[in-house]
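Following this line, the structures themselves.
One chain, chain A, links the two complexes that follow: it is found with chain B in the first and with chain C in the second.
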Partner chain A sequence: MGEGTIVVKELDSGFKYRVTEEPGGEHLMRCYACGTCTASCPVRSIDESFNPRKIIRMAILGMKDEVLKSDFVWLCSTCYICQERCPQDVVITELMNALKNIAVKEGIIHPGYVAQATEIGKFGRLYEIDDFANKKREKMGLPQLKSEGKDIQTIYKSTGVDNYIAKPEEEE
Partner chain B sequence: MSRIGVFVCHCGLNIAGTVDVEKAARLISNYPGVIYATDYVYMCSDPGQDMIKEVVKEKKLDGIVVAACSPTMHEVTFRNTVASVGLNPYRCEIANIREQCSWVHQNNKEIATEKAVQIIEATVEKLKLDKSLVPLSIPITKKALVIGGGIAGIQASLDIADSGYEVVLVEKNQSIGGHMLQLSETFPTLDCPQCIATPKMVQVGQHPKIKLLAYSEVEEVFGYVGNFKVKIRRKASFVDWDKCTGCGLCIEKCPVKVLSEFDEFLAKRKAIYTLFPQAVPNKPVIDSNNCLYFTKGKCRACEKNCSVEAINFEQKDSFIEEDVGAIIVATGYDLMDKAEIGEYGYGKYEDVIDGLQAERVLAPAGPTNGIPYRPSDGKIPKEVVFIQCVGSRDPEHYYPYCSKVCCMYTVKQAMLYKHAVPDGQAYVFYMDIRCNGKGYEEFLQRGIEEDRILYIRGRVSKIFKDGDKIEVWGADTLTGRKIEISADMVVLAMAMIPSQGVKKLAEKLRLATDEYGFLTEAHPKLRPVESLTAGCFLAGAAQAPKDIPEAVAQASGAASKVLSLFSQDVFYHEPIIGSVDEEVCVGCGNCVSICAYDAVELDLATKVAKVNPALCEGCGACSAACPSGAMQQNNFSKRQIFEMVDAFAKGS
Partner chain C sequence: MEYALFLGCTVPARARNYELSTRRVAEALGIRLVDLDGSVCCGFPIKSVHYESFLLTAARNLILAEEKGLDICALCSACTSVLTEVNKELGENEELRKKVLRKLGIRKKFRFSNSIRVKHFARILYEDVGIDKIKSKIQKDLEPLKISAHYGCHYLKPSDIYDNFDNAEHPKSLDELIETTGAVPVDYENKNLCCGAGTLAMDENISFSMANKKLRSIKDAGADAISLICPFCSVMYDNNQPTIESKFSEEYNLPVLYYPQLLGLALGMNKKELGFNMNRVKVAPLLEKLKQ
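Up next, the complex of A and B:
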């Protein structure tokens, strides 16, 4: 999160409308900045820069790029504590999902997500199944697994996910 | 020989925790003149009072001392107690052994007990010389004066008049209605203020018990509760209102156009004008500073066109006198002078306006029919910045108090702006948001959620012009960053201050004001509508910034105080007042000049001081100032005070 001057004419003043139209973001404007979410956030207790109140504030002000690119929106662990405690029912966890959905439509995806999706596309799961794992499964009487991404690729194609992950793959 | 009883109160542990109350009672029972003494856990309780009554009767006491809390707490209680069994209430004295003894000597029981006994002894000495006084009864003129015809004055007048008493309502402008009539809509219901206030105005105009003196000011006030004599200046309107039919032709024909005060200088009016179409009374006045006849000696268009010959250029101010029994001061507020805040560009930039100007701009019946054209070029502003706490909550530069209504009217104005310009954006800079009335917080949330007003927590540091934009630089403390907004119009929520001239009026009425000129109530919690001058009551924003419901509630409260005064034929006044020994008085006049209540005067014939018992508040300043001892306070005579001092001196 940058710390420079906020120049309102450079912001997207319509951003708040867009967020409130996105499922999960409807209650954005209810926030009165009490900070209950920030005080409750377990990630925040480890990393000071994780601040749901501030993200909501920036979204209201129209700081679209900073919000969509911020680590917080993407790395929120979705523990739901903030959502449970929010006195204004801003439904913060859902709001973070709404922000992620908007970000994806804008072509902004956190590299961590791209890496995960790429892995799944390759192996059908988050990691490659190696011989060691299969040997262990055999011992335990479990069926063998294949590292196989074909079906996933089909899903990616039909849902359009491949559009988002194609680029980083090329970069590799 | 006196037959005095002493009753020592424990006040739970408030007194008994520090003072050995049993010992104090035992010691005092041997004091000369005391024939009975006891202690009890709560003297003010019903059993405590019953015990006092029993003892007074049984022992045939001729006076009692209650050693307890401050006399401001329960003096009245115990005086009523003894009066109910036939003892003169002024033969009951309070020895304060709580605030002046137990509470301040909590670490030393022995010394506290000794001091308590001394306080009681001194009080017994005073009691021995107390006279059996009788309260003064003062006849009451059952007619009220209400000063100020805003919503508070209107409400108070109607409440009193509807109860059958006559009211004289004095208003300095040519119509009643006050600031409320200037407003766009009212929070939190968005009622149209004209719709809800004009019926009340008409009621005032039509009420057989209300004498409405518009375009008038209170000149002088004499007298005291129940018996005020008020001189009222009827300012020259240059229109004979008895003849005038209010047809408005004179206004139409007047060739002069000047900026309208009612429209907060955003529109023009004529030199002969009424404030607004629903004015009560609906009669015009001529502004002699701008009228062509008065300035250049010609024109007379109004006179030529008046079919009833109501125009009278020769009219002079006139004076009338009214006798009233009670006065309600409802003189309202003004906004602080905007020119004082240079950094916000008021006066330099036309599109920086204040709260009342914003009301006129947004008022459906205002000069722009509610469409917020900006003053400089008539464009519709797309970005409007509202700034709260301008002058308020700034003890270093302006006023330390909160003006109380700005948070709410800013939400309302931002909301109305958004209703008029749906694709516009309203920003509000705030320090705190104080929306603490019924339905107020919900109104704020509605403004934020439905009308997407952007609230920015922080102060604006600078406003300057950049092309046709007004650059607003401030801080957004919620992101911790500086913020810059290119606005088309800026609205300043200026501090509310008492209306002009209230200080002078307060002097005439002998009312106290705080350092900003707001009228001071008799007690901030328990006597909020009374002043310290008996018979004068306060209503509305003259006492402190307040919104319409609060002003109306206080007005009704003040009216009910007047009505309870009027429910009696006479008013009983405390007899503990100054009195003059005419044999001793040399007529030096010290007492006259020191009296804060104008209660003492020199009798021209006998050359001695005379106390007006109804005006005297019993402060004792005159008796302290009297060099010869001629002026003495009833039951606080010099001899009594010396006896008390002696009693203390003996003890030590």
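Up next, the complex of A and C:
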């Protein structure tokens, strides 16, 4: 069989239901493949590997591994243009988040997101406001800020997300 | 007029010029901004990783504002969008609200969107202060300047959380705010194009190509500068402008001003009060043009 052929017995027909159960993925099955999303997508206009219509079709067909293990699933810029224009209210930006969430639960996470989530867990923010940064703030007449990750750590522990964030680091 | 100021991650660390100019402008217009002590990241970066953790993080920030009985004023458009979304969701969905509060270990009742609102500072200027009041405070007409507005994505989208504020496909509120300073708003191709910051940590090439497209369009339209209202967008157009110029063999020299910096000039503030030394692309040529 040629490259790109879809082998039916390799498809996971239950995958679409997993997606519709994930927050943001509820409207997956509404897609009638008009392609408004792909035509509007600013990422697609630069990198053809990111194609929302194709990703949605792959998810509906049950091409689970191809979707979750791809690089493209992480490339959505969350600009919401597709979501605004979708005539079927597939809520595409949120759907992309749902796919990423499922990938994470399968132990697949982009290192960029591991880094961001880890920083937020440490400092409560993406960037630490240390003494040096606070001095700069003081000089400009801005109030001092604390950087504490305590509350975020509590949230991470309660939801179990810390397991997912740690996984790829162990594998590296 | 009083709001809880939500700074988020990028503004206090990388966009102190935005923070400073916002505080000064707010003061001049009689808006009281109360710092939201104990606030953390809005949750936006966590949304792609784990929805429930995102929800709890956003809720935790909203609760801090509700405790003070104040509406939130956010400066970052991504913060505005996710806090608005979660506030609405938890206000409308009682079951989810109870679950979130339980998970956070909070016994007290919170009402979210039934009690407080979340607004971007630019929207507060446009809706709550109003164009007429701002106009009455203008001390210096910025008429010689031609400025292109960049709305970014999350300021107006997803539109269903913003209760019909402006129009995501044909926005006008920021153009009107620019016009209020006397400066001339300049339209351009690709006006609604995303800055690309959302993919910066995943694929730099895509982000820089997206930002480059818009910088080219704005330069071609003949604008003197860009005005915007989100620190992520500014990281792309201002901080990364030299990188983009060398990568695509272009020369833009397009100053990027946060809207409060532009308005501050019109309110008669000096460059120190507006933090212009933190703008990566030199603002001096603009100030020169104003002197002529």
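Everything below uses one rule, namely that the second predicted complex is superposed on the first by the 150 of 172 C-alpha atoms of A that agree within 3 Å, B and C clash if a C-alpha of one lies under 4 Å from a C-alpha of the other, contacts with A are read in each partner's own complex, and residues count from 1 in each chain.
Criterion: a residue touches a chain if its C-beta (ideal position, glycine included) is under 8 Å from a C-beta of that chain, and two chains touch if they have at least 3 such contacts.
Note that this is a predicted model, so its numbers are computed, not measured.
Chemist: Is A:4 contacted by the first partner chain B, the second partner chain C, both or neither?
Modeler: A:4 sits against chain B, while chain C stays out of touch.
Chemist: Is A:161 contacted by the first partner chain B, the second partner chain C, both or neither?
Modeler: A:161: touches chain C, not chain B.
Chemist: With both complexes overlaid on chain A, does A:113 touch chain B (first), chain C (second), both or neither?
Modeler: Touch partner of A:113: chain C, not chain B.
Chemist: Per the contact definition in the header, classify A:39: touching chain B only (first), chain C only (second), both, or neither.
Modeler: A:39 sits against neither chain B nor chain C.
Chemist: Count the residues of chain A touched by chain B and by chain C, then name the partner with the higher count.
Modeler: If we count touched residues of chain A for both partners, the winner is C.
Chemist: Touch check for A:84: first (chain B), second (chain C), both, or neither?
Modeler: The answer is second: A:84 touches chain C but not chain B.
Chemist: Which of the two partners, first being chain B and second being chain C, lies in contact with A:13: first, second, both, or neither?
Modeler: A:13: touches chain B, not chain C.
Chemist: Contacts for A:57 in the overlay, against chain B (first) and chain C (second): which applies, first, second, both or neither?
Modeler: first
Chemist: Touching residues of chain B toward chain A in the complex: what are they?
Modeler: 383, 425, 427, 445, 448-449, 452, 454, 456-457, 476, 478-486
Chemist: Inside the complex, what are the residues of chain A that reach chain B?
Modeler: Chain A reaches chain B through residues 3-9, 13, 16-17, 29-30, 32-33, 53-54, 57-58, 60-61, 63.
Chemist: Tell me, which parts of chain A touch chain C in their complex?
Modeler: So the residues of chain A in touch with chain C come to 22-24, 42-43, 46-47, 74-81, 83-84, 93, 97-98, 100-101, 104, 109-110, 112-113, 115-117, 120, 124-129, 133, 136-137, 140-143, 145, 148, 151-152, 155-156, 158-159, 161, 164-165.
Chemist: Which part of chain C faces chain A closely enough to touch in the complex?
Modeler: On the chain C side, the touching residues are 7-10, 12-14, 16, 19-20, 23, 35, 38, 40-41, 45-53, 56-57, 60, 103-104, 153-154, 157-159, 168-169, 192-194, 196-199, 201-203, 205-207, 209-210, 275.
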